[in-house]
Each structure stands twice: as structure tokens, then as C-alpha cells.
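Below: the structure, in C-alpha cells.
By written order: A, B and C. Residues from 1 in each chain.
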Amino acid sequence: MAEKEKLTIAVLSGDLERALAAFMLAVTGASMGMEVSMFFTFWGLNIIKRNEGSLQSKGLMRKMLNIMNRGGAKRLKLSRFNMLGLGTWMMKRLMKDTNMPSIDEYIAMAKDMGVKLIACTTTCGVMGIPPEKDTFRSEVESLAGAAYFLGEARESKVTLFI
Amino acid sequence: MAEKEKLTIAVLSGDLERALAAFMLAVTGASMGMEVSMFFTFWGLNIIKRNEGSLQSKGLMRKMLNIMNRGGAKRLKLSRFNMLGLGTWMMKRLMKDTNMPSIDEYIAMAKDMGVKLIACTTTCGVMGIPPEKDTFRSEVESLAGAAYFLGEARESKVTLFI
Amino acid sequence: MAEKEKLTIAVLSGDLERALAAFMLAVTGASMGMEVSMFFTFWGLNIIKRNEGSLQSKGLMRKMLNIMNRGGAKRLKLSRFNMLGLGTWMMKRLMKDTNMPSIDEYIAMAKDMGVKLIACTTTCGVMGIPPEKDTFRSEVESLAGAAYFLGEARESKVTLFI
């Protein structure tokens, strides 16, 4: 049997529209029979952080960064026209109107379709996030570093940096 | 005859500098004999929207989003140092001084050189843009979804997400 | 002997977190035996500009753009939570705490490991930066245009646009 073609997506951004684009492509790739990995780093870690995860980190600075930078897929904002939340609220309404899944729903869909969600260990430290499995949603399969990402990318037909 | 190598560029950003980078690479790729597709999504849709396109969408929310987020290549701004338009104006002056084409000129050049310009149907809805050919400039060849983009990317030598 | 696999990274962004991601991947790729090129364009040129480079450009507009947009790896800021410098300062503290190299250190490491640092000539003009070797740090190997970048990308196993 032929091996599956791989699609690897690095998600550095925590902007709502970039997170949506990443999941649209991941889920579409999986539905086309590709083997998909998503690698979350820097602000992208917020997308897959548990909502209640903000109090576990050690040290004042980490705590502060963690409170300012609370995770959770529901808190993502647009990079433009956020307008104190109005623009983001409007896009979320339009997502519902046009039957586009929310990020929460996309995470569940991705998991169901075999997309591997991986948290970047190398950047947890500077984001003030404990590099432990418990920090992240249950859908996250593993934590790994930059070498793992490049290893996947080398074997991939398509690699995207979002 | 050997098949042409493909270059596929996804343009999610609507920032002036990212739009310029995308067109520079598209036009350069075409001049090197590559077969180039550009796939515009989210804010990138603004780059290829008709200027007069803002009143055709249905529903109050779409109308509002469309007015705030007016399209047209001339309205693109820098992501930094926009400074109420001063920074963007300065870069546009420097573009003229250094004989760099404007986005309008780049769109015409790209079309002339056989670059395919494609609007993403999947994200028209959440951007409040009618997913119809008339919404976009005449240079836009077609509208297509995420599966089309990934299909192109799979066959491409180089895929860029900008 | 088998040829080395290539990794080509375009760095358009001048945000601290994107610069860090680019260097992490470049250095990791080199340590995995890949042949790595980094191609700096638009705001990315700031990362490799000399600190004292701001007074050499000609013309009032270039001088102004150059003063507003002073280069140097130490001046990079986060794209979010900069908060008049507080967020960036905090991330830099966390970088030290977790033994992550600074951008200055990453540039030296990259050079030592054979990563090629290349400045984009095509965009120097619009950034108000003299397209000369002296504008950039000594670690920068050469200046080249978009065609050079695409030539490298065509031969690369992995190409990232950051």
C-alpha cells in the first residue's frame, strides 16, 4: 500500500483568522487522505491551552504573563478590526450564520479525523506555560521540540508556517 | 516536454508589505518559468476585491463588516508604522522612487504572465463578502475552496503561506 | 556522498517571536545536517541591520523611515503584549531564565553552524535601507533578490515563510 502523503502545519499565530485557516486546512487535508500534524508554538500554544490552566505556573513573571495571556480557544481575537471585541464578535456571528465550525469544534473534528496536535516544548518556557501534558486540552497528543517539527516537515509533501 | 514546476502562494494577510512580497514572488516565479497560483483568503480577499464592491452584500452584519473592511488594492496598509497613514504613504513614495510596481500594477503583470488568481470561497462568508465572481476584479480567474488549494500545494515544488 | 537536504526560510516579519522561531528552526536544521539559508526581507531586514546603520541613507524620506524604523536585533518587539515594552522585557527575562539564546546569540550560532544569512535587495529600497554590505552585520553573507530566494526554495526539502 502506498504511504500517505504528509501535511505539516506550524501554528505560531494566536489570531482567530490564522487559527481558523490552520484548522480548515488540517481538516481538509485529513479528508483528502493526507496524514496531518499541527505543531503549535508561541501564541499558537494559547489555542490548545486549557481554559483553567492559568494558575499552575511557577514564578511571578510566568504567573503575570499567564494571566495577561490567558489561553483557550474561545479567547482568540482577530488581528484586525477587533475593536474592543466587536469585530471578533461579528466574525463569530458570521461563522455561525455560514455554518463554519468554531475553533472548539474544529479541535474535536481534527482529533476525530486523526490529525495529530503537538505542543512545542521549546517555546513553553518563554510563554510562561508549564511544558506538561496537563497544561493542554486532552486532544493534544504530545509535546515535542523544533527537531521533531523539522523531522516531520522533511517527510511532508506540504509544509505551512501560519 | 518536461512539466512546469509549480509555485502555490496562499495570501491570508491584507498588509501592504505581505501583499507586495506575494506578488514579487509570483511574478518572479512566472518569469523563471514556474506555473504560479495565488490563493487569496481572509484579509487577502481585500487585495483582489473591486473597490465599488461594498454595497452588494446582504444582511446588516455583512454590510457593516464590509464597510469597515473596504477592499481594493489601494487601501492596503502597512502592518507597522502606519501612523494614521503616514508610514504607508512614505513606503508608497519609496515604491515609486525605486520603480517598484504598485499592487494594481502587480495584479495586471501577474495576469499577463499567466499567474492564476483564485479567491477562497470558504472564507468569503465570514468576511461578509459575496462569494461571486462579480465581487472581485476581472483578473481573478476563479473561486475555489481549501481542497483546491491543498490539491495545488501537493503538486507544487514550492508552497508559501503569507 | 548524498547531497545535503536544504531548508530555506524567508523572514519577512520583524516581530521578536517570529525572529526567534526562524532562528530556532535554522539552528536546529543545521544541527540535523541540513543546508540552511535565511532570506531577510521587509521588516526582517531590521533583524540583521547594524545598530549604527541609521544615518547612511540618502534622501529625507529614507532618513525618516530609517529613524522611525531603527534596526538591530536588540530592538525587536513582540507582536502582542508589547505594552510599551513591558511584555517584551518579560519575554526577554524568561528567555534568560530558560537559557534561550538572544537574537544576537542566535545570529552568531547560525553563522558558526554554516547557516547562510542573506539580505533581500529588492526590498531594501522601500525600507529606506541602502542595499550595501555595510548596512548589515558582518555575519550577513550576501545580498540577493527574489529570484535567488525562489531558486533556493525550488531545491529545498522544506521552505518556510515566516
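The definition used in the following text is that contacts are C-beta pairs under 8 Å (C-beta built on N, C-alpha and C of every residue); 3 or more make two chains touch, one makes a residue touch a chain.
Only a predicted model underlies this, so the values are computations on that prediction, with no experimental measurement involved.
S.K.: Would you kindly state whether over half or under half of the residue numbers at the chain A/chain B interface are used by both copies, giving same or different?
M.R.: different
S.K.: What's the rotation, in steps of 5°, that superposes chain B's Cα atoms on chain C?
M.R.: Best-fit rotation on C-alpha atoms: 120 degrees.
S.K.: Roughly how far is chain A from chain B, going centre to centre by Cα mean, in whole Å?
M.R.: Taking the average C-alpha coordinate of chain A and of chain B, the gap between them is 25 Å.
S.K.: Two-or-more-chain contact residues of chain B, please, as numbers and ranges.
M.R.: In chain B, the residues touching two or more other chains are 159, 161.
S.K.: Please name which positions on chain B make contact with chain C in the complex.
M.R.: Going by the criterion above, the answer is residues 5, 7, 17-18, 20-21, 24-25, 28-29, 31-32, 34, 79-81, 87, 90-91, 93-95, 97-98, 100, 157-162.
S.K.: So in the complex, which bits of chain A are touching chain C?
M.R.: 10, 12, 14, 41-43, 59, 61-62, 64-65, 68-69, 122-123, 125-128, 145-147, 149-151, 153-154, 156, 159, 161
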